[in-house]
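Common to both upcoming complexes is chain A, partnered first by chain B, then by chain C.
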Partner chain A sequence: MYGLRRTGAFFVRKAARLVTLLIAVSILSFSLVSLSPIDPVQAYIGADLMRVGAEQRENIAAYWGLDAPPPERYLRWASAVVRGDLGTSMIYREPVAKVIQEQFFHSLLLMLAAWLMSGVIGFLAGSLAAMKKDSWFDRFIVWYCYTLAATPAFWLGLVLMVVFSVWLGWFPVGMGVPAGVLAEQVTWLDKLEHLVLPAITLSIVGIAPIALHTRQKLIEVLSSDYVLFARARGETPLSIYRRHGLRNIAFPALTLQFASFSELFGGTVLVEHVFSYPGLGEAMVEAGLRGDVPLLLGIVLFSTVFVFIGNAIADFIYRVIDPRLREAQAS
Partner chain B sequence: MNLRLRALLTVIVASVLLIVIAVWGTLIPVEQMETRLELRNLPPSISHPFGTDWLGRDMLQRTLKGLSVSIQVGLAGAACSALIATVLGLAAATLGKAADRLVSWLIDLFLSVPHLVTLILIAFVSGGGMRGVIIAVALTHWPNLARIVRAEAMQVMTADYVAISRRLGRSRRWIAWHHVFPHLWPQVLVGFLLLFPHAILHEAAISFLGLGLSPHEPAVGIILSESMRYLSTGMWWLAVFPGLCLLIIVRMFDRLGEQLRLLTDPRHARL
Partner chain C sequence: MPLLEIERLAVSFTRYRSRWGKEKVQVLHDVEFSVDAGEVVAVIGASGSGKSLLAHALLGILPENFSASGTIRYRGEPLDAERLKQMRGKEIALVPQSVRFLDPLMRVGAQVRLSVRGDDPYAAQREVFHRYGLAPETENMYPFQLSGGMARRVLVSTATVSGARVIIADEPTPGLQAEDVREALRHFREHADAGCAVLVITHDIESVLTIADRVVVLYAGTTVEIAPAADFTGDGSRLRHPYSRALWQALPQNGFTPIPGTQPQPGKWPSGCLFAPRCDQASPECTFSRPELRTVRAGQVRCIHAHSEDDERGISIDEAASDGI
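What follows is the complex of A and B.
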């Protein structure tokens, strides 16, 4: 099987790339963190500063393995990471891997909802704008996209919160679950209610690139000779869109959507902070503010893998699934 | 009025406006920012178009001051970033295969971690503050421009005069500086202006998260972050106007860069 072998080779190549990438990112971020002026022992002690003596400090440093020189600490940390042990979070007092897993599940719901919504709406808006090129609708979409690209995502979240939570009272103000309710009693409905506004905020921002891209591609397709010929044959705009447009623009749009994981992750961090939605982004901000180095490094590595997977899928669609390129490579 | 004239006018008006805001903000005297508790929590009115905050400070003054701080930080960050991009892009194109591979690898490395994550990491490492934010912004925004500069420089390298110059025994560095660099000026200038919107938005974002500028430096990110505590009591004007002004500023820089690109692009210059 030719296709199967190529798919296999593709994944082997990507896996090797991921390993080298992770090594580079881990060395770079670890050396950055060890240059930091923030003393991790100090950050750990926090408010108990006056009550902790010099001797106890040394004990704490030894406990976290902070007394060794940086290269040795890196090797110790890296070999632990390879075994699947990312260290212990100072804030949560739990293994970093577990914290990331739990928080990522919350974020995943949010990201998935926003990703799907922005993809579908953006694709439709872009298609419509291109079909009605130079109409008021087209102008509005283009204007909207450029303005949105200049909008701070967190400010948009604040505005939506003011309008829908404070004025209209449709949605609760922040927090991932209702206050004063036991964790076991939180229903799916509650979670959903707290998910809506953050997801809408994220997708409003995410629509812009996909809509602009789809519009551009479709305009190109529509000005081609084969569409002119189809029009001469008497095909209706809808059938031209379905038979010539959609097939040409669907894969590029899907590729773009997968390649946007980096922006999605960044947007999630901000939106989670606005709505105090307990997810990976909020955990990262906390880790940064309170100097939780193991958690911070863990999330840096995790987000690298996350973005890498998105890009790899985009690449896969582009190289292996797209029939035009597949045949071009086979011949 | 033709397109070229219109583009030129847009550039002039936008730059004058931005400079006025940046300078005006720094000139606002501290007395006017004083707290006046009898004027607390006022909604927008004619004497206070943007309302007042929980300490009775005029929000219009605070917003102007904040925009000015944000513009300065954004300019500094974008300028450093453009410098890094130019040096690396130029080096990749002119100093041979090994340099090219190294730069491409660096670009891929920086693009493979989400921007905001890198920003948080660098801001954390540098301990926040004005300097930390500028470093973080400068170190995260160069890859795209570096790619453009590299491609442009590669093209210049194929010109005949570069080949002749090399035969005449000029060193690679001499060629990079005397032949290639002068061609890159327009690209770098436009790239710098188009970097600015990202720089200022990321500066605001990182300050908003509490990892950037300190509360004593009243940037827009800080204003928005502080407003969060008061939004649920219905004080919407604390967040809406400063953010809207930031949006307008960012959009204006965007327009400025776009129009300048059209003006310097020879294919459009004929218009």
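What follows is the complex of A and C.
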């Protein structure tokens, strides 16, 4: 098996990369926020603006250390982050870490559902299309994928909402739970009902890359010399798919699926906003629009880690499962 | 009765000439030869003569845009596409060119076991590995871990365990060291001696002559000569077709004489004898029509100038032919 030492070295290397990546991302996003017209004091005061005088505002700024130059402010913020203190969200009036944790749990369900659905459906559709290359089914899949690859997620979400929620009334129009119901009385079924449309929107968009990739890869495999030899040995198309096709396309597909965490996260932000679904994406949009700088930066860092983990898993799968990489390194 | 007989085999493919027009291009035509049980027949020819396609046509595994016509008989029974499908891997086995024909993500032992027709694949695979001097741990290796010689032995193993009576080897020797070449070819000879019909498709005339009984020479998609292997000797004067002789004389140890011109591309074949444009014996009648395959001195040849030994003393065939016309 894959050496324990190699696995350890792999994770140490990845961790080092993550640290440098986080430093780079934090500096970049902190600079962008500093340069943006967002005034944290104004964002904090909100509607009470008229009642707070200029002097008071300066006092607040001085209290927060906003009068210091940006590099100093960055260092103060970064050292707090390192100690595990991401600050307090102005919108939620709660520690940023807690907000992210709660919101991420809502998003996780949505992302997981969409991720699994798009992966499974995309893989099957791509496989079938390649097996029946140039048939009407294949043409349909390819047409569908190209069309959807060019469709923005938010627009698709709006269309689905109009059709299934407004016209047909099958699903609720938005939100994560029914309005006007006490939190204790919300059932799992309610939550599921609210999850369906956002999850479908997100997965419909996610199907295209995995289906196209799987189709292309399987066509390559089917025209390879080893499949020709399998045919010469008398193997049927189905057994060729099972024995040689799956083996050779599953890992690349899995890798692609893990590497797509960034698209998944980006799509979630849009879809949650369209459906007013209370998740991390929606929190990010709110934080951006209402100038909640600590929350915004916290989510940026969190999403960096999230996407990085996806990529690291993809990388790890390749190294551990593909014998060409595994045993070439071991020997 | 020959185990495998091929008659007037033709292979063509369809290609798009323009946006709307398709055209059929012939790659192989009028290929004829047979292989007896216990015999090694070598098919030789330069690259581009259609050698690999011949192997694929015999197994019915041509690419989709290709079509084949003609007759392939196994033990006298004509094989149609359906019958061919049932036979391949069971009665007719392919020994492919290189390690690229093995699934890169499957252990080689498992791939050999896929070819076993009996009820104990493990025993059959281990026995054949032992027989070919492959260490027991080889079965757990992946194709990329095999050396060239090991890969050869694994590929031959797949044919051996299948118990097929007809073995078609497609270019079994390129890129191998001299020792591995001899060993690879010896395995084919052993199969023939055990009663199989073995067809070795190659451009390595020299090596294959050490095991072949008969040689089929392919040029521009057709058989130009079928000769006993013993005729490839000396200056090649016992060969019947000028192309076979030229091929023989082009070998380094036989004078290294190059043949002028190039083999015509499929679709651009001359109307008469295909070799006429490059042939130093070509006469006007060579360009009229394609010569039929005819028997000359225990071999067959597709050339109107070929003559048997008796004719050498009297009038030659070409004079007789031109008198006749």
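The definition used in the following text is that the second predicted complex is superposed on the first by the 327 of 331 C-alpha atoms of A that agree within 3 Å, B and C clash if a C-alpha of one lies under 4 Å from a C-alpha of the other, contacts with A are read in each partner's own complex, and residues count from 1 in each chain.
The definition used in the following text is that a contact is a pair of C-beta atoms (placed from the backbone, for glycine too) under 8 Å apart; a residue touches a chain by one contact, two chains touch by 3 or more.
Quick caveat, the model's predicted, so the values are computed rather than measured.
**Student:** For the combined arrangement obtained by superposing on chain A, do chain B and chain C clash, or do they fit?
**Tutor:** fit
**Student:** Between chain B (first) and chain C (second), which does A:205 come into contact with in this model arrangement: first, second, both, or neither?
**Tutor:** After superposition on chain A, A:205 lies in contact with neither partner.
**Student:** Who does A:317 touch here: chain B (first), chain C (second), both, or neither?
**Tutor:** Touch status of A:317: no partner.
**Student:** Per the contact definition in the header, classify A:81: touching chain B only (first), chain C only (second), both, or neither.
**Tutor:** In the superposition, A:81 touches no partner, neither chain B nor chain C.
**Student:** Using the superposed model, give me the angle at chain A's CA centre between the CA centres of chain B and chain C, as a multiple of 10 °.
**Tutor:** 80
**Student:** After the superposition on A, what does A:265 contact: first (chain B), second (chain C), both or neither?
**Tutor:** The answer is first: A:265 touches chain B but not chain C.
**Student:** So in the superposed three-chain picture, is A:158 touching just chain B, just chain C, both, or none of them (first/second/both/neither)?
**Tutor:** Touch partner of A:158: chain B, not chain C.
**Student:** Thinking of the overlay built on chain A, is A:113 touched by chain B (first), by chain C (second), by both, or by neither?
**Tutor:** neither
**Student:** Chain B to chain C: minimum CA distance in the overlay, Å?
**Tutor:** 5
**Student:** For chain A, what residues appear in both contact lists, the one with chain B and the one with chain C?
**Tutor:** In the superposed arrangement, which is not itself an observed complex, chain A uses no residue for both chain B and chain C.
**Student:** Which bits of chain B are touching chain A when the two form their complex?
**Tutor:** So the residues of chain B in touch with chain A come to 108-109, 111-117, 120-127, 197, 201, 204-205, 208-211, 224, 227-228, 231-232, 234, 236, 239-240, 243, 246-247, 250-251, 254.
**Student:** Which bits of chain A are touching chain C when the two form their complex?
**Tutor:** Within the complex, chain A touches chain C at residues 224-226, 228-235, 243-244, 247-248, 322-324, 327-328, 331.
**Student:** For the complex, which residues does chain C have touching chain A?
**Tutor:** On the chain C side, the touching residues are 56, 59, 61, 85-86, 88-90, 93-94, 96-98, 100-106, 114-115, 142, 144-145, 158, 162.
**Student:** For the complex, which residues does chain A have touching chain B?
**Tutor:** 21, 24-25, 28-29, 32-33, 35-38, 146-147, 149-155, 158-159, 161-162, 165-167, 173, 261-263, 265-266, 269-270, 273-274, 284-285, 288-289, 291, 296, 299-300, 303-304, 306-308, 311
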